[in-house]
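Structure record follows, encoded as structure tokens.
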Amino acid sequence: MKATSVKDFDAYREAMNEKLLAAPNNKIIKRIFNVDTNAYMPGALDSKTKEMLGLVASMVLKCDDCIYYHLEKCYQNDVSTEELLEIFGVANLVGGTIVIPHTRRAMEFWENLHKEKK
Amino acid sequence: MKATSVKDFDAYREAMNEKLLAAPNNKIIKRIFNVDTNAYMPGALDSKTKEMLGLVASMVLKCDDCIYYHLEKCYQNDVSTEELLEIFGVANLVGGTIVIPHTRRAMEFWENLHKEKK
Amino acid sequence: MKATSVKDFDAYREAMNEKLLAAPNNKIIKRIFNVDTNAYMPGALDSKTKEMLGLVASMVLKCDDCIYYHLEKCYQNDVSTEELLEIFGVANLVGGTIVIPHTRRAMEFWENLHKEKK
Amino acid sequence: MKATSVKDFDAYREAMNEKLLAAPNNKIIKRIFNVDTNAYMPGALDSKTKEMLGLVASMVLKCDDCIYYHLEKCYQNDVSTEELLEIFGVANLVGGTIVIPHTRRAMEFWENLHKEKK
Amino acid sequence: MKATSVKDFDAYREAMNEKLLAAPNNKIIKRIFNVDTNAYMPGALDSKTKEMLGLVASMVLKCDDCIYYHLEKCYQNDVSTEELLEIFGVANLVGGTIVIPHTRRAMEFWENLHKEKK
Amino acid sequence: MKATSVKDFDAYREAMNEKLLAAPNNKIIKRIFNVDTNAYMPGALDSKTKEMLGLVASMVLKCDDCIYYHLEKCYQNDVSTEELLEIFGVANLVGGTIVIPHTRRAMEFWENLHKEKK
């Protein structure tokens, strides 16, 4: 499986999040979305560090869409490719080679971010 | 990644299950399929409750195809969208935000079920 | 590893939750605890069903302490041993034999609940 | 956490399995136990290979009790320490360093097997 | 989701691995790739056994691309379809029915291997 | 289950690592240990950041011993309790409430570190 384009990823994510936020009886989902926004706000740790934490957690849990989301946030927080590769290192070491296919797609999405967001 | 249509999901699932059930030396796989059918039969708990259990288990284990399967069964057992959203709530709370992308696709598939199965 | 007594489980859980709720800068943890309380309140689904959902999710994710917690709630919501065994069935089927050791401890803790809570 | 003795592990496993097999309404659990026995019988692959498969699967899924069980079976099937270390290698590579603590306990249990079973 | 063709899988895997191996500051990733190559070399266990271990580990960890990779290696090491089905049995038993969708795609990829590699 | 003391954790970890490093035919295990040491060395990211990455990854993968190890390293790298609580926040949000029991033990171990290491 290849990575998606940033544009397609963003569009689907946004469209479906809207559906979830418009669905009936979605109080718990809404609150989780809310906590999610707050958890990455700068505090004792800055946003860049928190997004890197979110990225490595997403990688070892092998969730492509979560990885794409945090890659986008890392890109916005000026994570360098040199730093990214060290996050990839920790993720593949802690999570094992099972993380490699996600790392391949992460690398492709990271390149897409530089192409599409320029 | 987007959700598949119900039709495509059902067709691929059926075609490949047939191949597995026709494969040589598949005794264990066949028995597991058998237990699988029995586990969701009404007993002390009714089928609707059991399918909801199967759905939440599939969500926290982040298996899209398993989610689609149990969504289809939940749909057949008259789970309401209000009930579904509370299952989504438990799944995303217990399993974490890593479940969100699967919830997005689950929402899309749930809509597909209403469109395609009508 | 054997299951703990209900008394020991409750005491440690309570003592450490208090420490987490008294810790500095714990806003996100507090909110998650809050959502956790709300997610199992009766709504479109009753509390008994939700606790059974929480239990099966905890079993397939192989978290003993989460299993003990939801067993206690299931006990309070009058889940019968016959119903419990069907939840065990779904959990071991969906999650695999890897869930068996947790099922053994769950069975012991379920017995402890009947002994200690009487 | 240290590994348990072989004697304690076997005793608890047996006692609780008996309880599960004597519990009311346990049809699905019983069938899963049945398939479990059959899956490791010699077939196209011999028992030794199958137990090694069961061991590596248990290690990457980080289930200590499952690891102990398959170590005992590997011991009975004359897996050598040299072979065991290569299984450890694959498990820690595929599953990541998260498997190391389980490998430490596996090593201790393996030694216990040689001491206690002699 | 269907399985990919062998050709597409190999091409993407190779292209992205090259990018990772050409990326700046990739020392840890490179070393993990290196250990990965070594872990499946014949030693106390032969390559066929090791590839079967890698396959079952990939199946219970539900990583399609890892499964495809080890299927290809199993094919090269003359694993028979009869043997494969027993590996499928262990994987679905230990890992649960959550492994079934991956088994369906594994079966399709296995057929693709026989068609495309002939 | 309660957390262990720092002293007991360190002693068992060291004793069993020595056994693994003295075991026959342990080439792959040794190399993984080696890469493990290198991955947390300062590079594009400093050691403190890398240990926080290792901690969050260990938390969402629910490995107590890995959590204790990285807590010890975080303690040595002057991570503050305020920072720690934000890591706990990300881990419990991304990984779900299934991480709470590990967070309880992490909090206890963190206190043990301050008591025992002073």
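The chains carry the letters A, B, C, D, E and F, assigned in the order they are written, with residues numbered from 1 in each.
Convention: contacts are C-beta pairs under 8 Å (C-beta built on N, C-alpha and C of every residue); 3 or more make two chains touch, one makes a residue touch a chain.
Note that this is a predicted model, so its numbers are computed, not measured.
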item	value
Fewest hops from subunit A to subunit E - one hop per pair of touching chains	1
Neighbouring chains shared between subunit B and subunit E, ordered by label	A, C, D, F
Interface residue overlap between copies subunit C and subunit E, same or different (over half shared)	same
Most distant chain from subunit C by Cα centroid	E
Distance-maximising chain from subunit F - centres being C-alpha averages	B
Cα superposition angle of subunit B on its copy subunit C, in degrees to the nearest 5	180
Cα-centroid distance, subunit A relative to subunit D, in whole angstrom	36
Inter-centroid spacing, subunit D versus subunit B (mean Cα positions, whole Å)	30
Distance between the centres, which are taken as Cα means, of subunit F and subunit D, whole angstrom	26
For subunit B, residues that touch 2 or more chains besides their own	1, 25, 27-28, 32, 35-36, 39, 43-44, 57-58, 60-62, 66, 82, 85-86, 89-90, 92-98
Contact graph of the chains (line, ring, star, complete, other)	complete
Touch list for subunit A against partner subunit B, complex	1, 4, 12-13, 16-17, 19-20, 23-29, 32, 36, 57-58, 61-66
Subunit A partner contacts - residues on subunit D that touch it in the complex	60, 92-99
Subunit E to subunit F touching residues, read off their complex	25, 27-28, 31-32, 34-35, 38-39, 43-44
In the complex with subunit E, residue positions of subunit D that touch it	32, 35-36, 39-40, 43-45, 49-50, 52-54, 56-61, 66, 80, 82-83, 85-87, 89-91, 93-95
Complex contacts: residues of subunit F adjacent to subunit C	1-2, 62, 81-82, 85-86, 88-90, 92-93, 96-98, 100-101, 103-105, 107-108, 111
